[in-house]
Each structure stands twice: as C-alpha cells, then as structure tokens.
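In structure tokens below, several structures.
Presented sequentially are two complexes of chain A, the first with chain B as partner and the second with chain C.
Here is the complex of A and B:
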C-alpha cells in the first residue's frame, strides 16, 4: 500500500471528509451561538459577534420577547439520572462479566440475550415500558421507569467493556492471592478491582454519556418531568433561538471536561507504571 | 523413621475430567516424603500443570483423594491450603510495591505489625530485595521478579511449595543460576517442592524424584539417575535422555538378564518389567552415553555380544563429547553420543558400536 500514492490520496481525502462531517454541525452551531441578540436568529450571517445568548442562558439579560430556556430542572434530572445509571450499569456489568469468566450452563444463550438488549429499537422499548406501566398501574417517572429503561439500555455496553477487560486479565494474579491465603471476596476488592479499574472507568463513561443524551426510550418512559434531551426537543417545537446553541456548546464543553478527567485518570495510572520502568533503566 | 507411614503429600487415584469429557489426569498415585524435591515432567498437555493446580486448589478433582500430612484437602478452598504457588509469569501484583507484594500474604493473617515487619524484612534481606523494596514490580528484571515471587510465596511458611514452570520466563543464563539457588533454597528450608517443567534437564538436576507424565497418566516415578538409565516404558525411553531403542522379542532370562532377539542379532540387557513374559514383544533401550565405539575388527566378547556394525555418516566433537551419526545395516539412522576418550583408534568408514549388558534395559514394547 505504501507505493500506491493514488490510493493513499483517496483514503486521506475520505478521512478528511469523514471528520468534517463529524464535526461540521457542531462547529456551525458553536459559531452561531455567538450571534447578536435578541434580534439575531439561528442563521448566517452573523450580524455581529456577542455573548448575548450565553448571558441569556443564565438570566443575565434584560427581559425580551425570547423566553429563558426551560431546562434548568431537566438538566439536574438528567445529571442525576445519568449518574445513577452509570453506577448501576457499571456495577451490574462488572458482576455479569465476572460471572462470564467461567462457562456456565446456558452462558452462550444468556450472552446473546444480554447483548441483543442493545439491538432492540429504542422506540419499541420505550413504548413497551409505557404500555406495561400503564397496565400495571405504575406511574411513569424519570427516576422510576426511565431509570429502569436507561439501565437496561446501558448495561450491555458496560458488560461488553468489562468482558473485554476481564478477558485480558491475568487470572494467575488472583490465584496467587488465593494461594497466599486471601479469600476470593477480598482478592476481588484488593487485587482484581484495582487492576481492572481503567476498564471500569471506560464502562462508567459509556453508561453516563449514553444515559445523559438518551432520547427515544425516554420519550415514552418519562412521565411529566422531562429529562434534558426531551426538554430541548420541546423548545424546538416553539421557535429556535441561538440560546439553544449556546447551551449546546456549554454541555459539549462539559462532556469534554469529563473526558479530560477520564483521560487524566488513565494517564496517571499509565505514567505511574512507566516511571518505575524508566527508573529501572537508569539504575 | 516411624512405623506408621506419614507423607507430606499423598495423591490417591486422582482423576480430572473436564466438562467437555476430556480426561486431563487419571490414576495419579504419588506419595511424597517431607522435604522431597519432586518434578512433574512431560510434553504439553500431559496433565502435569493440571495436577499441580489440583494440589493448589485452583482446579476441582473429579475423583480420588489429595492429602497433605494426612489431612484430606479435596474440598478445602485454595486460600485455606497450606501450599504456596509460584507461577511461570510470577503473577506479581503490579499495583503494589515489592514490600507490599511480599507482605500481602501476612496481612490477611492475624499477626502483629512488628512481627509482620520483622518477617518481611528478613525475607527481603534473604532474597536480596531490600534495595528495591519500595519499587513497583513492573520495572524489575526477570531475576528480581522471580525472587519477589519466591519471597512472597515463602514468607507465609507453606508446608509445600508448588512451582509451575518458574524458570520458563527467564533467559538461559539466568535460568542456570536460579536453578542452583532453587536447589540450595529447598535444601535449607527442608520443605517439599513440587516443580512442574517441560525441560527435563531442569528436572534431572533438581529433583529427588521425577514423575514422568504422558496423556494424563503417570509413566514412571524414579530418581533422576534411575529414570535416565532404567526407563520403564517406551515413552520414558523416548522422552528422557537420548536413547537408542531396538525392538525385538524377549527370548529368555538368565540370572536377571534378559535376551532379546532383534533384526541385528541377540542382545543382552536388564529386564525392567516384572510382568514381561518370554516370547512377547520387547524393546532394548540403550542410552547414547553407554555406547562405546570400536573398529569393526575389535573383539565383541567383553560386551557379551552387544555390538552392531554401522557406517559413519557424520562425526562431530564438541568439548569431551563425540556426536556420531550412523547408518545401520537396515538403513536405519542412529545418533550416538560418546565420551571422546572412549574411542582411541583411527576412524574408518565403518565402526562397531558396543554396550555393556548392564547398560541396556529391556521393557515391554509400546503400542
């Protein structure tokens, strides 16, 4: 492949286009969020650059015909929901992956049933939960039915991440602990868990982000109190102002911040290992 | 010696069948005295590691019994067995320092901090790990990692130390020196070592007794020298050392010596199978070191007629050993290792290879 410049060029171009499509919408959104307000609309050209819509978001602008975004409560709800989902799914995913380290009767079937959970169309799951809860007389809510649906949705992802991590895990390290007289439960806490922790972080990241912006399942499963994606969708049906773009930029920055923390935690554990190796080489 | 037999480790008819009906180990019987150095050798998949793991408690046994000092431990979980295991990859805890690794086995026991520190310091000193005690284990050299693994396994004072190919991950030079250290260590501690290896040279140097395994069954349990000079089965004859195996029929037994009729004539050797009957298929096994090389005209009487003429294909001398490749009358090729001083005469195309009747072993022919 190295001596086929035409192919290399084509693949390079393809990559550039791909990445452009990936990020262009967000960049356009970010630019438009600096539109002047309140008279500027969600389209080009930029009348003049301002941070009006960011101020508007926090209620720092004089009252105008554009109402504040009704998303404050929804944001809190979504964060709590995503956090609870993250903890629950990662815990369940880790335990399930742990169980799958040994083949048990029906393990193949159970594996496919678990993984198929992420293939089922979200709208159907949401609708199904709505019907069942009505049938059972259970009120739909963001902390009840929606939480349940989010766990069901994110659990297979956490499970697959942990399965991959545990597959690479050197079993003899656990056996070494048992041989030293350490009971299995303590071995898991003190030996296994610290070693698979980077994987646990990844599973948590997956579960959190999937839950945070989940839409189709939540649409039907949520009751009267909306989650963030539903609240944002609700504002679309009235009129779109750049304040929603400003909010999009802020929430994306928030996601990046979480990613940065994740990256930092990972890098710290890697660097700690490497530093010892380098010291050894110098010595 | 007390009259009542009491063994450090006893395996009685141990059998292991996996869920997929593969028989990993069967009919495993072994009695180990306190302080013995026992090696399990055999090709990959022979069941040696599975047996070790059953003793350690990492694998359940399907039937049979395992006893340590007369206590049946079949159902005892790994963490409650008086054994320690050294793994091939050492299985150190990468997130802990050397000191923490070594201390970990004591930390779960109810032991005062002062006593714990004393024991850890002592063993770190003994294994020359004091300088690296506060380092993480990833940066250590192979030899250091090996010593950490040993220190960690021994600080809990096991009754039996189980070693699963512990030299396999080391380079050849290091392997040699650690091999010697291991032997010294075992002598000084006086505890039983069970050592799994596929390198017969390690087993021959280290062991008091060697268990040769093949396809889940024990082929022979013998001290190294006996294993080397008196194999009991065709598998052992092929697996241990470099033996020449000549098939034939047992023609008779005279004063403890057997006569085997072969394609090259009638040879004499020591019968090593009491169940071997006259007239049945037998093999004569001759270690390559036992073979003397002479000119074709040399007298055969000193060897009781144990002589074959061969054509020399190649001859190489390395140090004190001569490696010969011969072609026998029936075109079979034969490799012979011989001490250089054993052949003083000039070399010709054809030589007579001879061995003393005591150095040949007669066993039942393999399937």
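Here is the complex of A and C:
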C-alpha cells in the first residue's frame, strides 16, 4: 500500500496540514506579540509592527492602563524550583534504577508505585498534598510542598530513562573494576557514571522542563508566593494583552536554549566516548 | 571488540590475587533495599498517602469554611444529588470521548504516513520531532494561543472571510465546548501519533509485500495486517490522552468562558471556597472514572503480550 502514489500524496498533504494545525496557534501568537502598544489589542489586524510589548515586559515603557505582568519573582522561584527538582529526581531515579538491576521480590509493586507518579493527574496529587498539609497544619509553599509533588511527577521520568540506560550497559566493565579491587564509590565515579552520563543528562532535561512548566500540581500545593505558571494562569481570568504573547515567545526561546545546551552536552559526551574508544583501540 | 584480550588479563589478575575483596556481605544483602528506600519512601509519603488522605477526607464533615474529621456520607450524597456535580461528571466523560475520538482520527493518518510511508529513518525522526517541538512552549501559553485564533475577530474567522467561505464571522468558535475540544485535541494529539508511529515502524515489511503478492488490495492490507498490528500503539496513546484529558481543567477554564465545567474545574472551585470535603469527593470520583477507563483500555489490548 505504501507504493500507491495517490495514497502517498494524499497522506503527505494531510501530514503537512496536520503539522500546520499544531503550529498555527503559536505562529499567530508570535505575530500578534509585535502588535503596536499600548492601544493595540490581542487580535488582528496589526495596527503597526512594534516591539512595544517586549519593552513592556521589562518595564521599559511609560506607565499605561495595562499593568505589567507580575513575573519577575515568579520566574526566579520557578528556576530555583526546577533546579532543585532536577537534582533530586535525577538522584532518586538513578538510585532506584540501579536497584532494579537485580531481581528482588516486590519489584513489580515498586515499579508501579513509581510510574504512578507520572500517571495520576496533577489536580489529584495537588489536592491530596494540600489536604495532608492542611491536616498536619503545615503551611504550603513553593519550596516545600510544591517541591515534593514536583519530584513525585519528574522522578518517574528520570527512573524510566535511567532504567533504559542501565539495561543496555555492559556489566562486565563494572565487574572488572570490582574484581581489580576498586572501591564501589570510585568504580561508580570512574566507570559507571561516565557510561550512564547521557542518560543522566536526559533525565535532568526531562525533570527541569517538566517542573519549570508544571501547573496543576502547583496550583494547590503552592502557598501565596506564585511560580511562573501560576502567574500566567492569573492573567487568564482578566482581559489579555499582547504582553502575555510576547512573554510566550520569550519563554519558548528559553526552552529552545535549554534544548540547545542539552544537545551540546550530549554531543560532547558522545565525542568524548569516541575519543576514549579510539585511545583504547591504539593502546 | 576487545573483550577477549581484556578477559585474559582479568583472568590472570584474579588468579594472582585470590584474596580479591569480595564486596562486603552487608551491602550484598541490604544494598538493593538501601538503593530503593529513598525513592519508594518519597512516593509512599507524597503520592500514596495524599491519595489515601483524599479518600478519607471525602467522608469528613464539611462545615462552612472548614472540615471536621467526623465521618459522614453527606458530601457524597450532596455530590450525587446536585445537578451541577453530576453534570460535570457527564461533561468530563463526554469531552474525554470526543477528544479521544478526534486525537485518533486526526493522529492516525499522520502516524501512518510517518511510520509506513517515510522510508528514511532520519526523515522519520525529523518529522516526529517536528510534531513534538510545540511541546517546548509552556502548556498555558499553548492554551492561551487559541484565543487570538478562534475569537470573533480571530485568525480562523479572518481567513475564512477572506477566502469567501463564510459571509459572517462564526462566533461559536471561542468560549464554547468547541473551543475546548479544538484546544485539547491540538495539545494531546501528539501522544497518539507517537506510539502508533513506533508500532508502524516495527511492522515487518515482508508481511505487507507477501500480502500484496498474494493479490490483497491496499484497503485489505490495512484492515487485516497494518491496523491490527498498531492496536497496542493505539491503546498506549489512548491511555496517555485519557489520563491527561480526564485530569484537565486549565483548557476548559481558559477557552470555555466558564461554560464547560469538568470535574477538574469543580475541584479547583471547591478548593477555592475551602470546601475540602466536596473537592475530595470529586477527586475520588475522577480517580474512579480514570481507573475504569484505563482498565477497559488495558483489557481491549493485552499490553504485556504485545509489547
């Protein structure tokens, strides 16, 4: 069936339309972020092109009836939170995946318990944690309860990534080090870690971006101090202005920057692995 | 590979030093549990306990602005005797079914094209990545992006007017059930495309060729070979989409103008007015719905056998 040109053409055309459907809203949003301000609204036509709303984000415009987005502190909180979540969930994911390299009773149960963390809807986890903290009389906060539920969400991703990496890796290298009397900690640092590094990097990428963008869990688990997604959600109920579009463009560029850093580190680790392999070949 | 030479040197080392330190027994016996403990405890304390707490609190007594740990069925009775709450349950299931249907109908052809019609592995990956890239925009921004698209003066209406397809702008596009469905389909359809494309990529091409040589037409090949082999992918995709759509509330809050109330929206509203017990009831109902849906999907296709 894949040799029929008509079918092939039709499906190809459909795929192009489909991808347009995926991108269209964002393209429209990006175009509208260059609307003139402060009188231009969040719709067509563009009165005239300007970067007014980008300046508005950074407080570089004279005060107008449009209030600046309350994102300064929220951005810093979100970055700190994402970083802490990244470190913790990558660590937990690596430890747990390491344990899964041996058979043990109850492994199925632990596996499902961990994977449940990414399956249960955020609104339920958030509600549950809010209930527990109310019951215990603990104040909810972005650095406390929110951090806990973010790790609940990102740890399963890190775990699955590390499980996939450890399953593929050659045990004999590690065993050789042990047999030669290298202490476990040193073996991990010198042998295991370099081998699993690409996996660790992927787990970190997942954890950071998921936490940075996490909204439903945060809604109930955070206290009065907002994270970035909460600050954006706050603008939903009021009239929207193109400044939120400009912010959308910038935060997307930031995500691409993280992706680029990831790609760069990945390429470096691959190149290093290749160099080591060549050196071994020569030796 | 250099394994053999390594092996011999290793062998000689272990022979010359028979007292190679066997790793301590202590870590042997408890090592696995030590490695497991932090992650498992974290999930028990911050996932399992909160979920159980939610079930427990759903039986507490709701006072005006607080809850008391006195067990009662009152919140449950209130939930199922209120047309708002039962209506939200019905809407949730309705929206879930419609969105799932459209993610399948719209996603499958794309997956088919990527998995079966693109031969080159690199091109395959590039097109799949192209589908995933929009995910690098913040979820809430992606939802919000539909507002300038669908409004009365939005891009879609503008385009249709220019093309002369309509004479008056369509105003049911935004702040209706339609906009919620369009938004959710666009956000979640990729989760259907991915798993199906992966399953398609695994199909042994010689099967299709054999069928063609034996005279089967394209439709027959699709119906009897290709489609059945992608069913596990469809099930996995359906589970992803279902879990996310059932737990939704942000898309409906942003795009429905409060006309569409899902169970998620009920939970948010109830928590906002400190009606914890009601929120907990809605949460337990939502969990139950989700359990039923996932169990049904797992029953439709035996994942363990297929993967």
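In this section, the second predicted complex is superposed on the first by the 264 of 283 C-alpha atoms of A that agree within 3 Å, B and C clash if a C-alpha of one lies under 4 Å from a C-alpha of the other, contacts with A are read in each partner's own complex, and residues count from 1 in each chain.
Basically, a contact is a pair of C-beta atoms (placed from the backbone, for glycine too) under 8 Å apart; a residue touches a chain by one contact, two chains touch by 3 or more.
A quick note: this is a predicted structure, and the numbers were derived from the prediction, not measured.
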Thinking of the overlay built on chain A, is A:191 touched by chain B (first), by chain C (second), by both, or by neither?
first
May I ask you to name which of chain B and chain C touches more residues of chain A?
C
State whether A:4 touches chain B only (first), chain C only (second), both chains, or neither.
second
Pick one for A:177: touches chain B only (first), chain C only (second), both, or neither.
first
Looking at the overlay, what does A:151 touch: chain B (first), chain C (second), both, or neither?
second
I'd like to know which partner A:199 touches here: chain B for first, chain C for second, both or neither.
neither
Just checking: does A:23 make contact with chain B only, chain C only, both, or neither of them? Give me first, second, both or neither.
second
Please work out whether A:38 is in contact with chain B alone, chain C alone, both, or neither, and reply first, second, both or neither.
neither
Residues of chain A that sit at the chain B interface in one complex and at the chain C interface in the other, please.
172, 176, 178-181, 184, 280-281
Please name which positions on chain A make contact with chain B in the complex.
103, 170, 172-173, 175-184, 186-187, 191, 194-195, 272-273, 276-281
Can you name the residues of chain C that touch chain A in the complex?
2-3, 6, 10, 13-14, 17, 20-21, 23, 27, 31-33, 35-36, 38-40, 42-44, 46-51, 53-54, 57, 106, 109-110, 112-114, 116-117, 127, 130-131, 134, 136-142, 144-149, 151, 153-155, 158, 186, 189-190, 208, 212, 218, 221-222, 226, 243-244, 246-247, 249-250, 253-254, 264, 267-268, 271, 276, 279-280, 283, 286-287, 290
Quick one: in the complex, what on chain B touches chain A?
19, 56-58, 77-81, 83-85, 87-89, 91-95, 104-105, 108-109, 135-136, 138-141, 152-153, 156, 162
In the complex, chain A touches chain C at residues 1-2, 4, 7-8, 11-12, 14-15, 18-19, 21-26, 28-29, 32, 42-44, 92-93, 95-96, 98-99, 102, 104, 110, 113-114, 116-117, 119-125, 127-132, 134-135, 148-149, 151-152, 155, 159, 172, 176, 178-181, 184, 209, 213, 215-216, 219-220, 228-229, 232-233, 236, 240, 244-245, 247-248, 251-252, 255-256, 259, 280-281
